[in-house]
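Each of the next two complexes has chain A plus one other chain: chain B in the first, chain C in the second.
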Partner chain A sequence: MRRLTWLVPTIYILFLMLPIYWLVSMSFKTTNEILGSFTLFPQSFTLENYRVIFTDPTWYNGYINSLIYVSINTVLSVCIALPAAYAFSRYRFLGDKHLFFWLLTNRMAPAAVFALPFFQLYSAIGIFDTHLAVALAHTLFNVPLAVWILEGFMSGVPKQLDETAYIDGYSFPNFFVRIFVPTIAAGIGVAAFFCFMFSWVELLLAKTLTAVAAKPIAATMTKTASSSGYELGLLAAAGTLTIIPGAIVIYFVRNYIAKGFALGRV
Partner chain B sequence: MNKTVNQKAWFLVLPVLLLVAFNAIVPLMTVVNYSVQETFGNNVFFWAGISWFEDVLRSPRFHDALGRQLTFTFTILLIEVPLGVIIALAMPRKGIWVSVCLVLMAMPLLIPWNVVGAMWNIFALPEIGLLGKTLNAIGFDYNYTRQTGDAWFTLILMDVWHWTSLVVLLAYAGLVSIPDAYYQAAKIDGASSWAIFRYIQLPKMKRVLTIAILLRFMDSFNIYTEPSVLTGGGPGNSTTLLSIDLVKIALGQFDLGPAAAMSLIYFLVILLMSWIFYTVMTRDEANQ
Partner chain C sequence: MLELKNIAKRVGAETHIHPTSLEFKPGSFNILLGTTLAGKTTLMQLMAGLEKPTAGEIWFGGVDVTGVAVQKRNVSMVYQQFINYPNMSVYDNIASPLRVGGVDSAEIKRRVGAMAELMRISAMLDRRPSELSGGQQQRTAMARALVKDSDLILLDEPLANLDFKLREELRDELPKLFGTRECVVVYATTEPTEALLFGGVTAALHEGRVADFGPTGDVYRQPATLTGAQVFSEPPINTVKVNKSGDRVSADGNVNWAAPADLPDGDYIVGIRAHHIVPVETPGSVPIDGTIKIAELSGSESMVHFDAFGSDWVSLSHGVHPFDAGAAATLYADMSACFYFTPDGKLVRSGETGGGR
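Let's look at the complex of A and B:
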């Protein structure tokens, strides 16, 4: 029985890979092959779908837009969350617990509830259809998450580190930037990974807050699916390309990813 | 860790507070504002009191959507949590395969939600999708765009595919944090593998599993993009979950009053459930 345990994760991974395989294989097929026949492997292997995406600006700009607002969001969320997480992990202050839970409630907020008010708010201050608008909107759920993860990692650092540094004559900002931040570098990496992830996969807010100039790739895809008939090959190629950035970042944080999902609290 | 009392810590929290206040309170106030007014266009508003709330709470449409939402959330929790624990228990603890497993299992989590929907849409099509074609070939009359049961089956299978890895990763993190000495002691006592699971592994995983359930509960209650791309709420209204219904009312029909009232009720339900989870979680932390 012991010998067969490896089967469980293997079958599970096969199950995970099947739809991904189907998407990737479809991206190398022609529309005729997709609609006309049922083939497990691409018969008439083609790169045409990818050529369209890399030469048509409406397609590749979608990727660039997505990467821009995801990056702004990640930097913004982590930088703002860092001092707050430090405060929560080191100090007791008036209303700290309530504040922490209130932050968490924003992680629970359904995007559907916020879509319309965000649209009106950002239109009113004139940042509708900019990368900043999407990045700001995504901080709604990413900042609380970053605070939560960073607080978990910071609580694992003994307080003696802070006290020694203060005795050695470091001021707070000096200590924070020169000593503390390098100490929890892994935690910052994990928090950044999660901000990247949730900003990258979100569509409803990103779609509602953009029109042309900052339109994310995901929105370009939904438009193609509905407007220009059913170009499944193109859709599959675009989908395949959205998997790549995720796969790359997972590889870098593979040893910390579980700890990150446990919000630094294992 | 014993924390020192320091009111100046508020200054460190201030940036987060300002940002989240701008992002959360202002829009939420807009919603509250709409929820108590009636409009006939032209930006003319009338006081409507709590009538929208009464309407929403009485409407069968809302009851149905809420019912479907609860069915969906509890079904996927019942499948994903035990399945995730089983897979985590069967995973290797050392060596190169750990990294391979972790990277491959985390893949679905990093795929944009609409791509997940589109991927399953293609995968399950009865004529040209691998899943749909296979199911039909082995004798099932499967068509998720026409039959309610099939639509639900596909929806739940998609969510299991998408999110079970989250539970696996969390449970696995809990498992590897158990020191070897525990297992050795259990071996000396001659404990069965069930006893090891029940008295060593499960208590150690309790904390991470609570987080897993909390996250899965919140996210599955908010789910919008995947089902809307996969089935668009159909066939009929059979897979119209709360978020899909809300977006239909707010952005589709632009019925601001009912949409706002529904938003608030929806948010309060999530808040209440999450508060219960959170209280249980922090009480456990305090006990340790």
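Let's look at the complex of A and C:
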């Protein structure tokens, strides 16, 4: 019995890895091979798909656009959420608990609900098809999430730390930037990670609010139908590259996320 | 000199501090003694300027500092929790108040070095606070509080979270650290023994009021009020209603003993500390018959809770005196050492000094 303890995790991991493996393996095949035969490994190994993506501006600009608005959004969300979370964690005010909950309810609405108003509003004020448009739209979902996560981490820091800093002579802004933010660096990492991931995978708003100049990679991928049908190999390569940024970010925050789970905030 | 003039603190409908007036002299060691929620921490926050009093004024050195921000006052504080900046090394932690104060770096280096030497954490200066033991973390916090020349040093139960040995060790060192300074030191504690070991001046706090204030020995030996005596007794002081007429004092006719000659006739509340009630008869002691509730025997002391004529009593004695719970027993009270309070709790006569206040 004890010898079989490896079995269940192994099966589980195989199931998890199978679609990813299939995607990666497809990205090294030609479209003909994908459509023509069932092969476990690429029979005619090719980097052609990746070459297309890295040389064709309509492809690689998709990645650049996505990275730009995701970065703007992450920075914006965390910067807005930091003071908000501090207020929720340190002060009692009328309706604070209701407001805190109401923030979260923003996340309960599907993004589709907001697509039309955002589209009309942004067209009217002239920021349609800019990186800022997508970044701003995503803050609607990411700020509440970041506030929720950061509040948990901040409440784990004793109020006496703030008081000690004031007693030592720190002004509030000085204390916040030089002592408090470094103290909850783990929380900021986790919050940034979740903002990044949401913004990176969100497609509907990103697609609706952009046309050409700020078109995200996911929108580019839906337009790969050519005269010869879908270019599956190219699509698989693009998909593989889409996974990479998330994987990198997860690698950096993996230890902090465990702490976030322990606080019940992730 | 730190003067609290009729300060009060209310939060919403709750009163945390009732109007209180206290004076602390420069170079003095002052103790705030009280149970949790007695208002020790609130009082300290008011003194530091972290909280504003809802009424009253705070004066320091002849200047009204009531509305002055905490950053502008020259105070330091050490908390019960070991509060250090987790993102800074021990050196930077201690140096932090000096850096904010604009002291030049050679001077910072000299003072941090000297302070670390004094607190015996010189070897840990490069480490993070999280890599230190609890005692070392608290030493770091104290070093940070002492490194600048504060006018007021507040210590809010700084030893409460330390284990017994470390507590003894730091308790020994503490008074020496302040020895030569011309600052006001305020030390909050829940333990009467700690207050007695430090001496100085004690304010006994109870539910946001000062029950007694004066030199620690006086507050202990002749507490001005019954509440003060209760705050300053561990285990709790025994109390019983008595009547004195002629040369006898009688507790509801259950027991009676010879009255002190200088006590006028009338009703009193008698307070007698647990260590004046022992299981062994001594000359002149008053026998009290009761039922044992719990007997807690530590290595060298016996604490016996018993029930006698409708009230709870506690006895604390040297040696091991086993009792069975529920058994009838006689304990002997040395009534010459008891306090006589008026029915509304003012001290009339102290058995420990023979006088009132």
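FYI, the second predicted complex is superposed on the first by the 247 of 266 C-alpha atoms of A that agree within 3 Å, B and C clash if a C-alpha of one lies under 4 Å from a C-alpha of the other, contacts with A are read in each partner's own complex, and residues count from 1 in each chain.
The rule is short, and it goes like this: a residue touches a chain if its C-beta (ideal position, glycine included) is under 8 Å from a C-beta of that chain, and two chains touch if they have at least 3 such contacts.
In this text the structure is predicted, and so the values were computed from the model without any measurement.
Partners chain B and chain C, once the complexes are superposed on chain A, both fit on it without clashing.
By the touch criterion defined above, A:177 lies against neither chain B nor chain C after alignment on the C-alpha atoms of chain A. When the shared chain is aligned, no partner comes close enough to touch A:213: not chain B, not chain C.
Vertex at the C-alpha centre of chain A, arms toward the centres of chain B and chain C: the angle is 90 degrees, rounded to a multiple of 10.
Using the contact criterion defined above for the overlaid structures, shared-chain residue A:164 touches chain C, although it does not reach chain B. Of the two partner chains placed by superposition, only chain B is touched by A:115; chain C is not. Legend: residue contacts after superposition of the two complexes on their common chain; A:185 is shown touching chain C, with no touch to chain B.
When the two complexes are superposed, the chain touching more residues of chain A, out of chain B and chain C, is B. With both structures placed on the common chain, the touch criterion links A:47 to neither chain B nor chain C. Closest C-alpha contact of chain B with chain C, superposed model: 8 Å.
Chain contact summary for the complex, chain A toward chain B: residues 5-9, 12-13, 15-20, 22-23, 26, 34-35, 38, 40, 80-81, 83-84, 86-94, 96, 99, 101, 103-118, 120-121, 136-137, 139-140, 143-144, 147, 155, 159, 197, 200-204, 208, 217-218, 221-222, 225, 232, 235-236, 239, 242-243, 245-247, 249-251, 254-255, 257-259, 261-263, 265-266.
Chain A makes touch with chain C in their complex at residues 158, 160-161, 163-171, 174, 179, 182-183, 185. Contact residues of chain C toward chain A in the complex are 45, 48, 50, 69-71, 75-77, 79, 81, 83, 85-88, 96-97, 100-101, 141, 144. Against chain A, the residues of chain B that register as touching in their complex are 1, 3-10, 12-13, 15-17, 19-20, 23-24, 26-28, 30-31, 86-87, 90-92, 99, 101-115, 118-120, 122-123, 127-131, 133, 161, 164-166, 168-170, 172-174, 176-177, 207-208, 211-212, 218, 221-222, 224-225, 229, 242-243, 246-247, 250-251, 256, 259, 263, 266-267, 270-271, 274-275, 278.
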